[in-house]
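Should a chain be cited, it is by its letter among A, B, C, D, E and F, assigned in written order, with residues numbered from 1 in that chain.
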């Protein structure tokens, strides 16, 4: 199964050694984004993976392309136009100090300004078997929202699987009326979707799903989600759950079909860099989907991948199948030689 | 309220990534010191903050000044003379390995050699509402001790608040008779003080306070401290308490008036760099003092600030009000975007 | 004389050791811009120097402010609004490989979006004796052009000196009609100016100055410039001239009044980083102006400063008077101890 | 025209800032080799470029692959086997201090041990239009020599162009009888070749070419080379010539057909890193060949590319067509913005 | 007591800040190996310590020697021959991600190729009182195995103490028949040994020790080990034991004579870099042996040393007696100044 | 011949990449000093070389010792006392910008405070054949001056060669009467000396030598120096001469006996780091002296060594005989592989 993603490539700049921006004159540079993370990770799993995106037509775009190619991503649908790439600075937290992300202009980036006609969508959809679309495209600009929804529709009509990641960030949608607009866009997207990444909160708060026919189960989140899945004919719905017990972080995952649900054990987490770990979970789920693994095998692999991603610097999960399987089979190993 | 500190600026040199001095050819450079930490942090809280100190009259003094200005400290009372800056090397510990600080010549530094006539004390005292003096000035050199005590006296007489940090380091006072001399100097300082940072141990061991009129309370540290405060007419007495339970570090804080006492919850600590965390606590207390917050609000803010300071590389607490308040109100947040 | 500048603060990101963007995962970070360079350098000369600009209201704006303060610039007129700072990447050239600058979105930066009402212009003009305005403000956005011209007018009317740097970049003005618009804006600016930084080419190509009354001197660039100065009642007109002889770079400078003209010797150049060297020349000229030096002393100091700036990494000239005078008086010194 | 190379991938480790190995605890890491340099550069020119090589089947092989992909090289014919990659340390010289290269075990590397059956040669030759083979393969191991010669033969028979780079290193061939063996291998290779990179010295010393029928031209190197080309029916013979005049380095290039010869101007050289510059020249020649440029256009482009390569850190020439053409058309440009 | 070790010097290359090889262009470089770790640590304890090894006869061998000398190791028996040093890359793990070591060619290194005649064994044995031999020598190459066994025999016959570290790595011995060969080599070595570092598993799996005369104690590992020690007349047998409880790592140590056995408390471990910690334990045991400390003092010192080694970057334990004693006497200290 | 030096060990801190102190948060750390440079270089030439010095008795002293050992210097006469090491910061110049050295407190360093009784002088003198003493010891403190003169006297009386380097720095001797005191100390030293490093200016300005019997040769510097050598019975007098022609630096060397004089060609210089290059020249002279080379061979080797030292980062010349001889025999080589 060939997998493609439509999504923004961002430049990530990180001060070294947990320093804050005021404390350093050097930054670590990487290229990232939900789509990059996902297809970069899938390429590490041996899946032929494509990215549909727009990069600046300048030296920075060239450097970004070098990094995408380095990850093993197929870049023949990447276009180069305009001059700007969305950027973020990540001041890495420690202990009680949270990681702080500062975004720089994303709306006017080469990706943010791109319209659907800029891309060779037909060939892209023809090439792949499954398309992944990130919810951030729905809020970034009118142009990216339009492209995302049309891509989903075209892919769906072409008989390709459509995977959508809610990835709703309240902080990016604080303007008046923005949330209502977002709800509308999400509802336009959902009829074309086969796989969703999200949470109960996305359903209650964002798409404001209300069960009508199933009153007695109101406290059962799984049947609530399944009723939603049933409505939109979603095959898989998956996500992770973060908790904190006595100041120690924990992570578990779930994967739900219209009939079944699988939840993992709750694992403790030692976090080196949590950005991108959700994308690692998604990559694991899509690998299981593409290889027709059982729900249980899939969700444990995906969560193992997400746990490993928390222990890797940077957004892009560089994990291989061997590494994930070793964690699952031999979790005490701390030195390989 | 405008706050000023009299104190040494030191050059701190730190090997990267927990390396020891033998293992590295590179060092991270920063400018620090109790006074710098305190007024640098207060400047980040929006307080107009001044430093009275002496820097070398050479390229290093220029670099130090750049860093003080960068912190937002008002430097117009900083003087430049002689050629040497006190220096320390901090080999950062990990796990069971303690952080090791190696001091280089502080006594003959521009600050250590400075006498009170070198400074424009009158203007400095006139400018500020509260002066902070660090106990290290009392042991560094006869000159700095003399200046510290006279500054306290002049500020007190001018109706300004005087804040004194015991900050007694037995290791810096091991010469014969030094401890006795120190006791005398501390007793000269205390009559001018309004706010003290210290601990019961400072009172019992250093100033050797003995309650005469209050025998029945001998096991009650708070009334013991209050009897001392009463004697010297101290308004606030504050400090932190470090503990270790099952190998896990913990921190709490207290703030005592002549009538009341407030202690915080005991919090677990993940330590990135503990140097300077005490100064963060002091900065928080002085902010509460200057803004007339309640004891409780003050001590929780100060301790939150100290906890954050443990999670920041370097001595100088670069925390803002927003960051401290977020920790207090939303302690589980580990990613802001 | 107190000097203020109106100009953009940019984030500069530079790969280490002449590497290209594709070759590195680390970048050196600095804050720069014509105004920053100029007043930062003047602050190093001991001039009280102010910057009027807009920084993002986020962590990056805070880091930028730290750097401006560190340079010794007075920042009380700096405002914080919006979220974006103009950025550029500088791939440092070597030998036949030119340095390549890649700009990221400047138009939508906090500065690019700022309008004159955002600033406290009256107080700023009142505070300073001379205002420096950079020609880039005229092309960056309609808002910054408007602000630049109004500031010049207000300062002129308030009896303050106005210094304008042509700094015209054809590459930033390639849209249709942009050059014509620029010419108009430059002509709006000129009536308020006392000091100009520019070249004959700026006069012929950009403002398209044609001498009408002085036909016989058409091949004499100095009288051509003086006729222009006479028309707009300009006091000083200054600039540098780059040449290359047998592959070796050379630099000279000139300073012209309506009556006189002074040119320096032509000096060979070893270039470490040429960005910002023009601003160093301008800073030297303004220092001479403010201290009423002779033309000759001024232009040699300014050119010495520019030559030193070519030997310093980064845009901001960190030179002191001592360093410039040492170069002028003792040019063979290569080691000071 | 699709171009492929057969060659070793090496790990290059370089101390930063001209330091020697004893002075540093950090190294810069890159993946390089004549084939990598050539096809990596051609990929930057927009040519579809392939590498046939063997990498270790471990984490290091994965990292190498990341870097090859990043360069834009097509890697589908790259195989992974064994555990070792050839390595070299480059202590960068300065002034009178030469750059010193220290090789680590190349013979037992994954490439050194590989035999022709390990590769999918048929598909590789079928895919490409021109194969580049480096002379180092002839001396590295018996296995690589055998593979190189067979590849040349197969490609030649399949009607593909064969390009061979003499690249003879006396230091790698000092064992008894090695030179004689090398001569034999070179003679086995030559009948299949269309394009050669070499020098007169390669012909006189290594392959020991003696003109028999053209005695009168013994002092004319071009007709000497052409008689050799005529014998082996070589289309193009190209190379560069390094000189030093008054301690200043210079470079020129030549390109010879059986009838014609084109030599470039001699250019001065400022050298940042000369390793790989010969491969840049070769890449330029092959670009001209594939695009059917004139001899003159080709050799000037190739030499411009080589001159730029001297100004880039590392072996792999990352130049683009735009950069080379800018050097040729506008050689004085030292800052692009 | 003068202590010498026979063992390989390896080059260790480590990406900074827990990065993986794909994520970095820089590496930290160090020289290491069981022998280096052991005698380097002993030199830090003030023991005159010697290394018998072979380094490349090139710049890399020179750099390695610089590092050995820097550690305070006596290097007069170090020889320089051939061109290659065994190398390994350590991608440092974090949380659930294990540290991954990737070895590069060790068998063809200067050490791997060395034969006993290359060394001045007689003088070396004459110089020292105790020789330490690492089990890796037995599996690295036939040459190093031969040298190791002969050195043990010669030292034993000369009345010197022989210490042998099992250090058996199944992953290095996976070829057919290799394990059987290893068993034979270990049995050849044992008759000359006085001190062993190993575990029950080494006895059961590798040397396949079976007690014949002591059937009733089959579940008592100590008497099992003692029966083995008795057979080969071993004085001391020591080792550490790693456990993991609720995901938290723990370490304890044991030291056994033919009559007695001492086990330490089990301590929690915070791990910065666990490679080399076993060598730290060995160094502590040998220090106690050479200074005739009690079993208890020895094993607690050795384990304290091993615990500290887990908190130091790199393989070589740089601990001093002062540091180990401080951990034992004042375990809560986390800041020394 | 075994050579020993008495001299200060300093900590050198250098900003990377020609940055100034204000521009960086990282520094490169090295241990240096005339004695270190000299015997470190001689150790690289294979000479058994000793250092007599005092290091701090703390972590910094340990790190310094590691570095001395790493250089191959014999350190058994190094003592550890007090807490401070002399430090200097070197801001590396470029082009017209000179390198600026900023010293930190040297007088109160462990070396500056040391008295002759602290050292085991008798054993040191007994061990070596030639002692090198640096003129800086004469001006650093009364204690070091006293020790230097007594060491020279004792060595001379013991029949060992005494080598003295004038190394007079006017900037270190600006106090009233200091120059007169220095003159006296230099005259106390000279009667014990066999080899001197200096210049005509040292003789005329510092020791104020006046020829009495040789009036006619007043314009002949060599006979002037020889008359001085004759007076004090000096064997060898050597030094280098720096010139600048058309902005290009040049270097030559001379070596004078009482009868003969040898001067080298004048060579152009490309300077990476000139600090320590004079010590490289001295090391070369002492090597020639100890190996009884001809004057010509000696001075050319010494100057070649000094030229190489200008192309090495840091003070300590790490050159080997092979490298110097390669420069002399094959000066055009710029790449060794």
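Here is the rule we use: a residue touches a chain if its C-beta (ideal position, glycine included) is under 8 Å from a C-beta of that chain, and two chains touch if they have at least 3 such contacts.
Predicted model, so just to flag it, every value in this text is computed and none were measured.
J.: Give the label of the chain whose average Cα location is farthest from that of subunit D.
T.: Between subunit D and every other chain, the largest centroid distance is to B.
J.: Going by average Cα coordinates, which chain is farthest removed from subunit C?
T.: Centre of mass proxy via C-alpha means gives E as farthest from subunit C.
J.: Between subunit B and subunit C, tell me the centre distance in angstrom, where each centre is the average of that chain's C-alpha atoms.
T.: That gives a centre separation of 42 Å.
J.: Counting only Cα atoms for the centres, state how far subunit C is from subunit E in Å.
T.: 63
J.: Two-or-more-chain contact residues of subunit D, please, as numbers and ranges.
T.: Residues 16-17, 20, 22-26, 30, 62, 66, 70, 100, 103, 271.
J.: Assign the assembly's chain-to-chain touch graph to one of these shapes: line, ring, star, complete, other.
T.: The chain contacts form a complete graph, every chain touching every other.
J.: Show which residues of subunit A lie in contact with subunit F when the two form their complex.
T.: Of all residues in subunit A, those touching subunit F are 23-26.
J.: Subunit A touches which residues of subunit B in the complex?
T.: Answer in residue numbers: 16-17, 30, 70, 268-272, 307-308, 310-314, 318, 323, 326-327, 331-337.
J.: Can you list the residues on subunit F that touch subunit E in the complex?
T.: Residues 62, 65-67, 69-72, 320 of subunit F touch subunit E in their complex.
J.: If you look only at subunit C, which of its residues touch subunit A in the complex?
T.: Per the touch definition, subunit C meets subunit A at residues 13, 16, 20-22, 24-30, 58-60, 62-63, 66, 83-85, 87, 89, 91, 100, 102-105, 107-109.
J.: Which residues of subunit F touch subunit C once you look at their complex with the stated criterion?
T.: Residues of subunit F touching subunit C: 16-20, 22-23, 88, 93-101, 103, 169, 171, 244, 247, 249, 271, 274-275.
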